[in-house]
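Both complexes below contain chain A, partnered by chain B and then by chain C.
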Partner chain A sequence: MTGKTVSRRQFLKHAGATAALLGLSEAMIPQLAKALEELAAGKPPVIWIQGQNCTGCSVSFLNSNYPGVAELVLNDLSVRYQPNVMGGTGQTAVEAIDQTLQNAAGKFVLVVEGPVPTKENGDFCTFGLGSGTKKLMGNTVPNDKPIAEWIKQLAPKAAAVIANGNCASFGGIPAANASVTGTTPVPKYISSLGGKMPPVVNVGGCPSHPDWFVGTVLEALLFLSGKGKLNLNSNNMSKTFFGQLIHENCERRASFDSGLFLEDWNQADPDMKLCMFKQGCKGPVTYADCCVRRWNSKVNWCVGANGPCHGCASPNFYKELSPLYEPLANTNFAGISTAPDVLGWVAAGATAVGVGAHYLYKQLGEKPKDTAEGGEK
Partner chain B sequence: MAQIVSIDPVTRIEGHLRIDVEVTNGVVTDAWSTGTMFRGYEMLIQGKHPWDCQQVMERICGVCPLIHGTAASYALDDAMGVKLPDNARIIRNLALGANYIQSHILHFYHLQALDYIDVAAVLNYSGNDPGLLVLKNKISQLASANDLYPFLPAYSAPDYIGEAGGPGDANLATELVGHYVQAFEMRKKAQEMLAIFYGRMPSFVGTIPGGVTQPPTVTNIAAFASRLTELQQWINEIYLQDVLAIAAIPAYKAFMKLGDSGGNFLAYGGFDQNQAGTEKFFPRGTIYGNDIMSVQGMDETKIIENVGHSFYTKDCGPLSPKQGKTDPQLDKENAYSFLKAPRYNGQPMEVGPLARQLVKKPDILVKLATDLGLLTPPVKFGILPRTAARAIECKLIAEEMTTWLGQLQPGQPIWDPKGQDIPSDSYGRGLVEGPRGALGHWIHIQNQKTGNYQAVVPTTWNASPRDDKGTRGPIETSLIGLPVPDVNNPINVVRCVRSFDPCLACAIHIIHPEHNGVKEFRII
Partner chain C sequence: MKEKVNIPGPAKVMYAIYAGALAVVVYSGFDYLHPFVSGWRYPWSNALLQTLNFLAIWTIALVSFVFLYYALLGKPKNVEWNERLGIFRIILAVIALWFFFLSMAVYQPWGWMGGLNAALGGPIKVNKWYEIWLWIILLVNLIYVYSRWAVSERFPRLTAPKKAE
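Let's turn to the complex of A and B:
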């Protein structure tokens, strides 16, 4: 090796894996390799902070494959601040942010996991020491710095912001308590700050799939450097991952079409092919590619384990998708009874599915958030 | 002279934790543990279909979803009077075991190891291992680009392995960093084992009230077994050996007894070996004052939550979790934490791998404790025994999983349909052992909907604030006496905090028992 961090051959190999991740054709590989090589020469800096999160999206990131997380951290990204893996603690952790603001302002990607509580001056979620003081059993100690303050400070200086996971993007589970905490999705909070802000891209999922997150970061970086496209759906999520309904590509779709449903978990189904619709599957209203991408090194996915999709990548997860284990529309589906024999017949054609999906949204009392053909941004 | 040192963020844990210590003449003389994030979680579930509980409760925490989902499932089973089929019991054990493996590997290498290793020592590696030479080359490129993130900046310490004049040498440090990289792949394989039965991780769909969703088949058993064999070998040959190598370093000898939490231990017991749950792979029990030869019983009615130093009104404690009341008051004098202070029999209790293994006392643990001189008075269990107990437990559980795999019976039931009969009024509880310790979920089903829901989690025990009597929580006690020669480098404080593997998202979630609402309040 001659000073370059990775050899040309490694970049081609890496680009092959990345092309697969982004669903690109092999013809794109040399072009992608060149773009990646140029990007990695500068190792784009990343600051990853956590709001009202559960760390599920960070743990999911650690499950990344092709590229693996060690490869990503050593070769591709300069991960300056990530509270679960970084060496620094306390002031030495905060120092990494200070250094980045000094030497990479306007160049770093800001990743936010978890939403932003805004009530009570943002004190429902803090990290690092603030500039004031507070009392601790009679002692005077430095006060706490809210995540809201951090975003106010960091977002205007970022090249792009990635809201990682459903609750960062849309509020998710913590937003159910918004009346007390003022929980606000990251894009909404950033736009409320006014002023010139970088683009904010959402990554859905509770948690986000590592490919969705890594792929969206790559797409954003390639886009920012003028080397790639960033096709977003109406929820500001990449169409590469959130362009089609799970139901459209489900491996058990044939069972749905034939009206073969799992009724009982002890049912004899040696090949595990029965459709999960009657157990509450939200695949018909959820835009994500779990069914083809699968999870954990492609080992399985929810429906593959005889569990229904709970729609965790939907902007309205969880509250509006509850009850999770009851069929989506328990009276009608595209105007026809949900009796299995009829249901299978109705949904047999592609057109009927589209109609069905929209009808289901109607049943849920809202408009479809997106379609596969939705407008580009 | 006494000085307060505030450490925030405490990284390489789950969640938002702040630690304040009083340092007098280079030694910690007082400590306060404070969680700094609040969501108000259980409100969401009130009035919802009880089957939703497992899916919502597993999302309390992305590091420990498996154990919360499992506890919720057991609580629901209990409320519905389920008789869990053997296949379901065993698959739940296997999935939980797989999560122990991924959690313990992650904790030792990715959360804890950087407290002991000088990553820059890799530059001085003088061995011939091709993989480690690639690593050396990589680190040297990053160093010359002045980009050793995310490893640096960090606290400096004269006793990092590989540090000039420190213990060990650059080759040992490099091997450990090599294992740190390998460990990413290994913990990922443990997650894959989970996904085989439960669909995916984190957040999974594999358990339901009454059982599990996926039957055992020759194919999924084989897929699970092949990963398990590989992990067993790695745990025995790499993980356990690395822990022992660190424990053998003379510079760390003080950490054998420094970091003792007070010597009270609590284990609910976990991994049912029969349908009734009367036999458990990890037995239940309590220990007081490090008297490990005298294991006492565990009676859940002796669990009482104090709020004397928590942000809740006086009448919220002392109460049992079942009657738990959570009425926030943020301007309360001398309150400093969102965590309540659970006490058992009036005592603070440490929970987790050390508690479980001291209650179980497997031969390997007793031999190691004897060899390390831990059983000579004064008997204390500090930072390194806590770490070693975790590794030993990982080995034991991985070995037991082979037995469980062999007990699965393809074709037999995986689900008790009673799980779908929602009673109109019923209580259920799930007491389990998660990677971080004793976990209890309590549900009250009312009008066939979810009424009150309470969870008392491991980190609430370990990271609790002072109780009504002013007695410190286990982590607070463990910090007293630690050397902090330089207040700008409180490395020993975070070494000790991390040995508990704290998980803050789990610990802070409050609910009002009457209307399940969280009152308006503010953090000072």
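Let's turn to the complex of A and C:
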């Protein structure tokens, strides 16, 4: 790792690819190259830990290209702990975290994948050994160390925290409906700890797109080194990747505007051009750049593969966006769960009944009075 | 016979503008996420409706603001205004101002009403609130129109009865 060298041509190519990833113009390449050079010289340490995750975001990160994952892990960053790709295991691996804490306190970036379970002392998700012992099947064994404890230990000493993926950022699937594990999104958990904490940047997606994650990490590192600024939206997600509505750039937008909808999955649509809004597409309410960035080395994306957008980059995923194949998410108010439209029609019906009843009352109820006062006898 | 309801001309004109703009807002608002007009829309119609929606909601907000000023502070003292539903009109104006802010939060989530968007739970929830308030503002206005008719001397006819000689 330490002996690897790159030529100037290779380095500028790498900087150009990174600029393209961040959506910057070619004019920015020299500045970015300089910033990357400085970053590489300092090799910002990264500790990547995992909570209630499916490892999908890690796998997605491994698909990163332009720049490739090897360049990122070994050249641009110094990833000290990542359970899926690191060579070390067991206590040797965990020691890498301890060493980083000693050598780079206040300088490393903490990446958390998956949310934090808080019920049952956080025992639903552990790695490494904690303090104290416990009885297990008649034997005395060391306590496991929950992810909550790790974050409590690492977050205050990190330069920045990246919540990678929808689950880490907003709870995602583990937090859907009544979470038995006390699932807590990483930003919420860190803010609950109190005290001085580093900035937390969210990366949505299920999984997160490799470009989103890598780009956000680079933006955060440039920000920490004073070379750039963090342009975040109100959900603490980078506007570079989550600033535009999918619906605005969708390749089937013309069909939506023309009222050409896929009414049934069995409907003949050989050209795959009909808008899937009525089949549950959440593109009109989801902010991400999937439609222009695409996935799997820019090969395709959900709508391109004839699947509606499920809104996985949205903070409301999964709970508020399910059922996934229903056109509009339901409301949940006072135990009543229904679509706003249904509520609207019920209210309209009640209004019509009320107005009709009032009209009939006035018509039928006032006639005898008129007769008594001035009518014929 | 009921007493004739006198409403100042500016208030009548402002409600007429309000109601006209509201019709555009309601139609385009429902049209955006409720494509009940499947099959006949043209590619330009949706964009045009969104633009009209913006113009209309700004019109409603400005008219409501001016109406509130006129009704509460700016009305000349010699102008007769014996409408019993005056408070209803004020409620309509307040609801319209709230709906204006909600519209900004829906259509520009990271814009100047981004704070409201975040406070209401993000784009998805704001869309639900928008939809619900679209129904509310529509129904409340329908109830107002009916109530206005019900307290007028015309009720239950559409035209006022001729005065007895």
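Everything below uses one rule, namely that the second predicted complex is superposed on the first by the 308 of 377 C-alpha atoms of A that agree within 3 Å, B and C clash if a C-alpha of one lies under 4 Å from a C-alpha of the other, contacts with A are read in each partner's own complex, and residues count from 1 in each chain.
As a convention for this text, a residue touches a chain if its C-beta (ideal position, glycine included) is under 8 Å from a C-beta of that chain, and two chains touch if they have at least 3 such contacts.
In this text, all values refer to a predicted model and were calculated from it rather than measured experimentally.
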Partner chain(s) touched by A:Val111 [first = chain B, second = chain C, both, neither]: neither
Chain B versus chain C as contact partner of A:Pro284, first or second or both or neither: second
Chain B versus chain C as contact partner of A:Val180, first or second or both or neither: first
Which superposed partner A:Gly128 touches (first chain B, second chain C, both, neither): first
Superposition-derived comparison: chain B or chain C, residues of chain A touched: B
First, second, both or neither for A:Ser234, with chain B first and chain C second: second
Chain B versus chain C as contact partner of A:Phe256, first or second or both or neither: second
Touched partner set for A:Asn53, first chain B, second chain C, both or neither: first
Touching partner for A:Arg80 - first (chain B), second (chain C), both, neither: first
Residues of chain B defined as touching chain A within the complex: 4, 6-16, 18, 20, 22, 32, 34, 36-41, 43-44, 48-49, 51-52, 55-56, 59-63, 65, 106, 110-111, 114, 119, 137-138, 141-142, 145, 147, 149-155, 181, 184-185, 187-188, 191-192, 194-206, 208, 210-215, 217, 223, 309, 334, 336, 413-415, 417, 488, 490, 494, 505, 518-520, 522-524
Chain C - residues contacting chain A, complex: 32-35, 37-47, 109-110, 114-115, 117-118, 121-125, 127-128, 131-132, 134-136, 139, 142-143, 146, 150, 155-156
Interfacial residue positions of chain A with respect to chain B in the complex: 1, 5, 43, 45, 50, 52-60, 62-63, 65, 68-70, 73-75, 78-96, 99, 117, 120, 123-129, 134-139, 141-142, 144, 173-174, 176-177, 180-181, 183, 206-207, 264-266, 270, 272, 295-297, 299-308, 310, 312, 318-319, 322-326
Residue numbers on chain A that touch chain C, as the complex places them: 233-235, 239, 243, 254, 256-261, 263, 277-278, 282, 284-287, 311, 314-316, 320-321, 328-329, 331, 340-341, 343-344, 347-348, 351, 354-355, 358-359, 362-363
